[in-house]
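The chains carry the letters A, B, C and D, assigned in the order they are written, with residues numbered from 1 in each.
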Amino acid sequence: MTEDNFKMSNKQEEEVSKFFAPENEKRKVETPDGEIIEINPLQDYFSDARPKVHHPNTSKVVEKFLNWARAESLWVLGFGTGCGSIEIPPLLTPRFDAFRFGVQMRPTPRQSNVIIISGYLAVKTLKRVIRSYEQMQNPKYVLALGSCTINGGMYFDSYNTINRLDYYIPVDVYVAGCMPRPEALLSGFGKLKELIKAGKGEKANEYVEKFDWYKANQKKIIQDWNMPDYNW
Amino acid sequence: MNIDFNKLFFTFLGLMIVLNWGLLMSALMRKIGARVAKRYGIPWFQPWVDLVKNYAIRSQITHGVMFYLGPVFRLSGGVGLFLFMPMVFGSDLWTNFSFKGDLILILYFQFFGMLGMALGAGEGGQPHSFIGISRGLSQFTTIEVPMTLAVIAIAVQYQTLSISDIVAAQQGGIMNWTVFTNPFATAAAMLSVLGAFGHSPFNLVKAPNEIPIGPPTEYHGTYLGVLRTNAAILHVVEAVLFMNLFFGGATTWIELIVKSFLIYFWSVFVGMVFPRFRIEQSVAWFLKIPLILGIIAIILL
Amino acid sequence: MKDLLERLNTKYNLTDIKYQRDNLVFLTIGKENTIDLVTHLRDYEGFTHFVLLSCVDWIEEGKFQLTYFLNQPERKYDIAIRTMIDRDNAEMVSAHHLWRQITTYQRELREMYGINFPGSPGVDENFILEGWDDIPPMRREFDTKQYSEDTFFPREGRKTHDPASYMKEKLYPTEPTTDKVNKTDE
Amino acid sequence: MNNLFNWEPDRSKYPTVKDNGELDVDLSSHKFTKLWVGPNHPGITGNMAVEITISGDEIVQAKTHVGYLHRGFEKLIERRLFIQGFPTCIRMCVAEPDYNEYILSKSIEDLSGIEIPEMAEWLRTLALEMARLQSLLRTVPGQGGTFSLGLGVQWGMYLRDLISDRFEELTGARIYHMYILPGGVRGLLPDGFKARMEENLKLIDQFVINIKKLMFDNVIFKKRAIGVGVIKKEWVDQFGIVGPNARAVGISRDIRKDYPYLKYQELDFEPPIAKNGDIFARSTVRYQELIQTVDLIRQIMAKMPEKGDIKSPTPNVLHWKIAKGETYIRSESSRGEYGMYYVTDGSDKPRRINLRGPSYNHAMSLLEHMLINANISDVHAIMVSLQTCPPEIER
């Protein structure tokens, strides 16, 4: 198999990409360093594309069924961002066993639907959380744990932890406490399921609609923003 | 060219049965694992819900053409394996498209999905993917050696390359099964099946908490749904292959379900109590014990 | 312990000696001789375990106090060597060649206090903070609460009321209230 | 003198070293891959990252990145009263919060000259040992978990939850107990505590037998763990290795024995020691410690008095001023020497606190050093065997 067999001419390639997805055309972009480069979105992993709103299915019955499936199969990103992550292992082990409720851990953001922000977020972690959140696919949900995500909790005066999570990413359910017990977390999952089944789990679209506001907030506190604005 | 629509219909029906049984089987295995760990475990319908959820993901991204094709190749590997596998012995309808010499084709199809996946996941650009791919290919190559030896031993023993004929030769009592007539070949193959199913100690392709989760790291939504569909089919069909070759085949669907469950359970059982090998240890292990067993099986013929 | 200090006193100019416990002594030495003393203790007195390198900000005196904690595992002594350096243009001789972990401590002090350790590997790299452009946060003049309120979006707390006046206002709304307290909680 | 310190790893193999001492790692040559293990990685211990460069499966460069959990505790406690520091400081390391409570309370008592009653000392010892038991129930099977032996982890976490229940009875909280406060402890043992604890310890006795069969007698576990991640004896002082990691090399250093605190003098125990310093030796040491901790808890419960004073009088906590002074308090956590440097200046707030966590050395300089020439499969195993805990590195 040589490479030539698969290679289309440049013109063909352009036509194909125009036909399938206009956002995959070649174009010039400005990198975070201020350099202007030409990219081919099909080959390069650089994106300056804004996120898109993905509307729910127009058929209500179908959407209801899909929402039921989404609610019963919550795949959680295994990213322990703060001290709340100490209560995640008990959640998955015999005592509390969240698997009963369709909660499973996934190691990669691509495959997960729920991100648990387990407690306080240092600014350095916030950057990674935003990246992970944006790499997750629509629909996606955020479960914020602990009082630190609500108003800073006991770190209200710390110079390195954020005070309000909902200024940076949209939050579906808050679980209060320091730290919240696994039972509270399970109840939070229950609440999230109710929201999804009622069709209210559309926070991913809300993020897109208020994208500029969120980005402005994020850029205000993350000083060295050396990544594209949106990482898919 | 005349198309046998009756055959096509039953093949498709068989595929659906195999798919659903594969999903149920994976749920059962996870439930058994949970019970050993003193947990209640997932609900039995969880794999179906996961599948629907994955297909219902709204947004999808791509890394290029091969990235699209990776899961497709993988699925065609699984379905191809199914198409040429006689499922129920003695039934004209459930033997799919098996023919004389299908044994060779099936050995090829086992590798096919892996290669397609390698191309697709490689284009994903995630380092974990291609570390997993290189591990998977090197391990699979070594699995093939004892496995092929065992298959050759059986082919020589029964003087045929047709799976249906091999099953036919094993009928008429439990003592006619290959597991008793040719124990060394069976042992070699049953050890290599551990690697084929990808449970611990040979789960270093996906290797949770090492290179999470190997090749499918970048796959999501529909891609992942396709991969999971394929996994469900592949696990059953591979179990059926071993059932046909070594454990006397199945004359009814019930027998097929029981036997494939037991064969798959064997790999889960081993995986429950053994940690994972490193890649060079895994390769060395396959080239030691199963290989020697396979060579003995050849020599004893 | 006492004999050890007598021996050291003949060689070095030690001041401010204070026994916190029988086996823990704090002492002060000039900036020039600090690394010399630490090396001497390590090589000849068996203080092979380096416990801690810390810094205390005495902003009133315009000094940073660096504390080197050494431990003698065989005879179970601890010595804490204090040394005072200037707060402006804070700089100290690097000790990274003595113990491996000192590199990490010096990176932290560089970032948190702005003390420079010329020659220490990777001392200018980011350690904990990322893209920090304010004054080093552990210095006393850095007001973390002010910074937090300015940078992160603080959520207004619950309204608190003075119980007496609030009740009065609720119960007797016609009467004009004089001392209505309506401040926000932190 | 310097040549005695064999700091640089074996670089005789690929890649070549340039004349100026730098490694010839050119990423564009496609011979090397840069890989981030963490912070979003299920195998990482806590929220940290290791940036590794691999050639094939072998690691040629490693660098630890921390700061993802930085909350600025030392700054925060500087602007809180002495008593306000007590609920704040325990969040410094989540796995064993009681050690934070103990070293902070002990520092304040040491500087203001408060003696605590005997009953409080016993209760503190009990709380610390229970915290150690909790931590070991996570780490010992966790080592198997790094090799994908998840079964032991599940069993261990169940028992850990039972000990959490006992903590809840004793202190009212599951994770952040806030039990040991300056001057004593917050409460006596509840009725029937000892009997329920004994029931749980019996389960742990059974678990200890099972985990030996599952892990330490397992062929593949031995194959993965023996000879991997070796710490050499001379590194112990060079890198400041403490606790079980030092004991696995054969150097017996245990704060509980060397600098006895609380009631450890009255307890009968001998810290376990292993020789080889590899992952297997370290997990064996931890396994022996698990058995020993169960025994210690039994001893404490047998020897402690039934009733007694649990709190010494302290000044009014709202106007508590401590004269100028400084001290260093250390204790032996399950990871090793856990100390606090505490400076007061005569005001009602501390001038400076500095936590000395064992992970500070283990996860930074030592891990970076050990990972070179290791296999990529062993990164996680080495990290867990050092028992790194990121929150105590960056506080």
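Criterion: a contact is a pair of C-beta atoms (placed from the backbone, for glycine too) under 8 Å apart; a residue touches a chain by one contact, two chains touch by 3 or more.
Please read these numbers as outputs of a predicted model, since none were measured by experiment.
Peer 1: Any chance you could check whether B-D or A-C wins on number of contacting C-beta pairs?
Peer 2: B-D
Peer 1: If you average the Cα atoms of each chain, whose average lands nearest the overall Cα average?
Peer 2: D
Peer 1: Averaged over CA atoms, how far is the centre of chain B from the centre of chain C? Could you give it in whole Å?
Peer 2: Spacing between the chain centres: roughly 60 Å.
Peer 1: Express in whole angstrom the distance between the two chain centres, defined as the mean CA positions of chain B and chain D.
Peer 2: 43
Peer 1: Could you tell me the distance, in whole angstrom, between the mean C-alpha positions of chain A and chain C?
Peer 2: 38
Peer 1: Counting only Cα atoms for the centres, state how far chain C is from chain D in Å.
Peer 2: 22
Peer 1: Going through chain C residue by residue, note those that touch at least 2 other chains and give them in order.
Peer 2: Within chain C, residues 128-130, 137, 142, 144-145 contact more than one other chain.
Peer 1: Would you mind listing the residues of chain A that make contact with two or more other chains?
Peer 2: 78, 93-94, 107, 124, 157-161
Peer 1: On chain B, where are the residues touching two or more other chains?
Peer 2: 37-39, 208-209, 212
Peer 1: Would you identify the shape of the chain contact graph, picking one of line, ring, star, complete or other?
Peer 2: other
Peer 1: Among all the chains shown, which pairs meet the touch rule set out at the top?
Peer 2: Every touching chain pair, ordered by label, is A-B, A-C, A-D, B-D, C-D.
Peer 1: What does chain D use to touch chain C in their complex?
Peer 2: The contact residues of chain D facing chain C are 1-2, 7, 66-67, 70, 72, 74-76, 78-79, 110, 237-240, 242, 253, 258-259, 325-328, 337, 339, 341, 343, 351-352, 354, 356, 360-361, 364-366, 369, 394.
Peer 1: Which of the residues in chain C end up touching chain A in this complex?
Peer 2: Touching chain A: residues 128-134, 137, 142, 144-145, 147-148, 151-155, 157, 186 of chain C.
Peer 1: Mind listing the chain D positions that touch chain B in their complex?
Peer 2: That would be residues 33-35, 41-43, 57, 144-151, 154-155, 158, 214, 218, 220-221, 223-224, 375-380 of chain D.
Peer 1: How about chain A: which of its residues touch chain D in the complex?
Peer 2: My answer: residues 77-83, 85-87, 89-90, 93-96, 105, 107, 109, 120, 122, 124-125, 128, 132, 154-155, 157-161, 178-179, 181.
Peer 1: What residues of chain A sit close enough to touch chain C in their complex?
Peer 2: 123-124, 127, 150-152, 156-164, 167, 217, 220-224
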